[in-house]
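Presented sequentially are two complexes of subunit A, the first with subunit B as partner and the second with subunit C.
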Partner chain A sequence: MESVGNNDANRDELIIQQQREIEKEISDSTPLVSGQLPLTCLREEYNGDEIFTEKIRELSKKYKFIRRTRPDGNCFFRAFAYSYLEYLITNNTAYQEFKILAEASKDKLVQLGFPSFTLEDFHETFMDVIKRVNPTNSEENEKVKNELHTVFNEQGYSDYVVVYLRLITSGKLQEDADFYQNFIEGDFSIEEFRHQEVEPMYKESDHIHIIALCTALGVGVRVEYLDRGEGDQVKAHDFPEGSEPKVYLIYRPGHYDILYPN
Partner chain B sequence: MSTPARRRLMRDFKRLQEDPPTGVSGAPTDNNIMIWNAVIFGPHDTPFEDGTFKLTIEFTEEYPNKPPTVRFVSKVFHPNVYADGGICLDILQNRWSPTYDVSAILTSIQSLLSDPNPNSPANSTAAQLYKENRREYEKRVKACVEQSFID
Partner chain C sequence: MSSMSPSERRLQKELMSLIKEPPQGVTVDTESVHQNLSEWKINIKGSEGTLYEGEDFQLLFKFNNKYPFESPEVTFIGTNIPVHPHVYSNGHICLSILTEDWSPALSVQAVCLSIASMLSSCREKKRPPDNTLYVKTCNKNPKKTKWWYHDDSV
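The block that comes next holds the complex of A and B.
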């Protein structure tokens, strides 16, 4: 059989190489996080599509701006981190609380069995980023927000923040494995799911990632779902249910961006 | 210039020197920290015992967010090793985690030598012999162990 003969060629590397070329094309054309754009800019993408045009009109009653993130599979984590830190810049008390929680998170992950040697590297960078967006006083807010934007567009920092949030998510799934097992489809164990769908970079996020991360950090997130679903309203969902949202995201099939409520 | 990848590789190297796992070793090449040479000693109580298998590890600036490319330089007869030395191992592909370091990579490859996965073969002959004719499999492995002394 021909397939047996082909087996010995190194297909994995060819596939990986092809993937990398596609990724490079995306990264050359879109920033990791864009500037604030008027929400109405979405219309252009769905020109002539009635359902979407109507839903965007409804959405623009509640939200003025959108901030795009690069569609690289890390968009949920990057959007979440950016949006939450941006909120913390305006709320010093919450910022200080989060800093303590973030500082303590490393020991918790080590206890859960993550290798402390490599964890340290990500944690240090994560804390660096948090310290760089320290809200000094309200007059300086704009300056700190610019700093946040700069940091999140530096690949090294930006990606390490994503890695660390992925590890926190993975840790939460492990800690409450009995609960999260219910969300997993198929024969995946929590262990397999964490290693295949959570920890590797560029793997897209699902509800289970969002719930685990929000719960671990105690942060409410509202996601607006812009899709072809019924009605002319965009459906919103809060994670964890009943929480007060601090982070607002828009989901279009396969991708998350940041929203700014009126 | 120090980049996150280079900084991390320096840390990996330091850890590998200070706390070396049994049966593996590795170090950056003289003039390029992005390319490493490594050696895995065949695990005891396996047909690979006594072999010294050389590998190269090539990192990109995206390490540790993306796995490096790891390749045997020595000839290795194994169900999950391609003819060109490439390795079919999930943690080097879709199960890569940024928490793995060089030490973890090398020890994982070492255990792959002891426990092949014949269901995702990179060398169909080796996979078939491993499943159906263990004696012949071990003979072929031992031949590459002897070869590894000379390489």
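The block that comes next holds the complex of A and C.
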């Protein structure tokens, strides 16, 4: 154990300062969750790149709109929560069921050994957000969707939701540790993985995070993978396999955004 | 209470719990906290049957207004800094949950328990190998060091 290049303390400081500046630039320039944008806006990012342009053209046959999330390492959790709650606004039965499941999730996490003390805060705010997007009647849907958008762009609420989903994910990994251990590369134990790659903020999500969260909440997610891989089609993957997707996301290396199917 | 920021509310809640049900060997210096909620001094006793039995240490926790989303800054202070392979003689501690593995679900109590367990599992009292150089050149704030955690077993 040692500090990295301890004779370079100034360099450490410069690196950290630079990281902060980059983070600040990102947070100043991109909202936590953007408005709905036409999917074709992606083209600008890959200007002139044939593979991507073709894939975006194919993808736009299935999806008209995209909603961007801030690339801060929490994008999967934020995108998932936003997209699922947006779906629930239009489906009162599913909303009521989810509310019950969410209410009960705290006791389950406490049973799994999470400290109820810190959990309470996050659970309370999580329930708060769910209650604020209660679909009263279909005429009010637009109003409730605006409320959802406002809440998710308030860091205080938005980040609490992310934390809580991270804890649910971590809880699922622990509950079914024997199963999830198979997905973990290297010498990590499930315990280490949960504490180092799931529970801390800003740590990016991998398949294992997605599978655990979707399974814990019983929500199907389809992820469209836009990358430089072979063929002119974007590959889609459903989590858990064979489920009916309620949440649609687009993955580009290192980042998730929300998609809207036609 | 309502005029408190979320971070102050959380700290207040943690403080009450730590005073009411402190982990073994851990006591908050309430005097210090009442003066300033963003800086806590916490006394920690070396556990029986370990290399630090009979020793008393003091930790300083500093919180900013992004707590619990950002980790507290934690250092040993006072005249007795434990001689340990993860603790520099200026009080800085190399512990991953204090920087990159911090999670908002952790707490002051969890940090104290981690530090106590780090001390308890020590088999040989010695300073980190790069102690002299680090202490001479580091920033006052240990969170400004890019730590390289490569041995959790010590």
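Simple rule for what comes next: the second predicted complex is superposed on the first by the 245 of 262 C-alpha atoms of A that agree within 3 Å, B and C clash if a C-alpha of one lies under 4 Å from a C-alpha of the other, contacts with A are read in each partner's own complex, and residues count from 1 in each chain.
Methods note: a residue touches a chain if its C-beta (ideal position, glycine included) is under 8 Å from a C-beta of that chain, and two chains touch if they have at least 3 such contacts.
Being a predicted model, the structure only gives us computed values, none of them experimental.
Contacts of A:107 after superposition on the shared chain: neither subunit B nor subunit C is touched. Once the two complexes are overlaid on the shared chain, A:115 sits against subunit B and subunit C alike. Once the two complexes are laid over each other on the shared chain, residue contacts for A:13 go to subunit B and to subunit C alike. Of the two partner chains placed around the shared chain by superposition, subunit B and subunit C are both touched by A:195. When the two complexes are laid over each other on chain A, subunit A has residues 4, 7, 9, 12-13, 16, 114-115, 117-119, 121-122, 156, 159, 163, 166-167, 195-196, 199-201 in contact with both subunit B and subunit C.
Those residues of subunit C whose C-beta lies close enough to touch subunit A in the complex are 6, 10, 13-14, 17, 68-69, 85-86, 94, 96-97, 100-107, 109-110, 128-130, 133-134, 137-139, 144-151, 154. Of all the residues in subunit A, the ones that touch subunit C in their complex are 1-4, 6-7, 9, 12-13, 15-16, 114-115, 117-119, 121-122, 156, 159, 163, 166-167, 195-196, 199-201.
Considering their complex, residues 3-4, 7-8, 11, 15, 64-66, 69, 82-84, 86, 88, 93-101, 104, 121-124 of subunit B touch subunit A. Only residues 4, 7-10, 12-13, 16, 114-115, 117-119, 121-122, 125, 156, 159-160, 163, 166-167, 195-196, 199-201 of subunit A touch subunit B when the two sit together in their complex.
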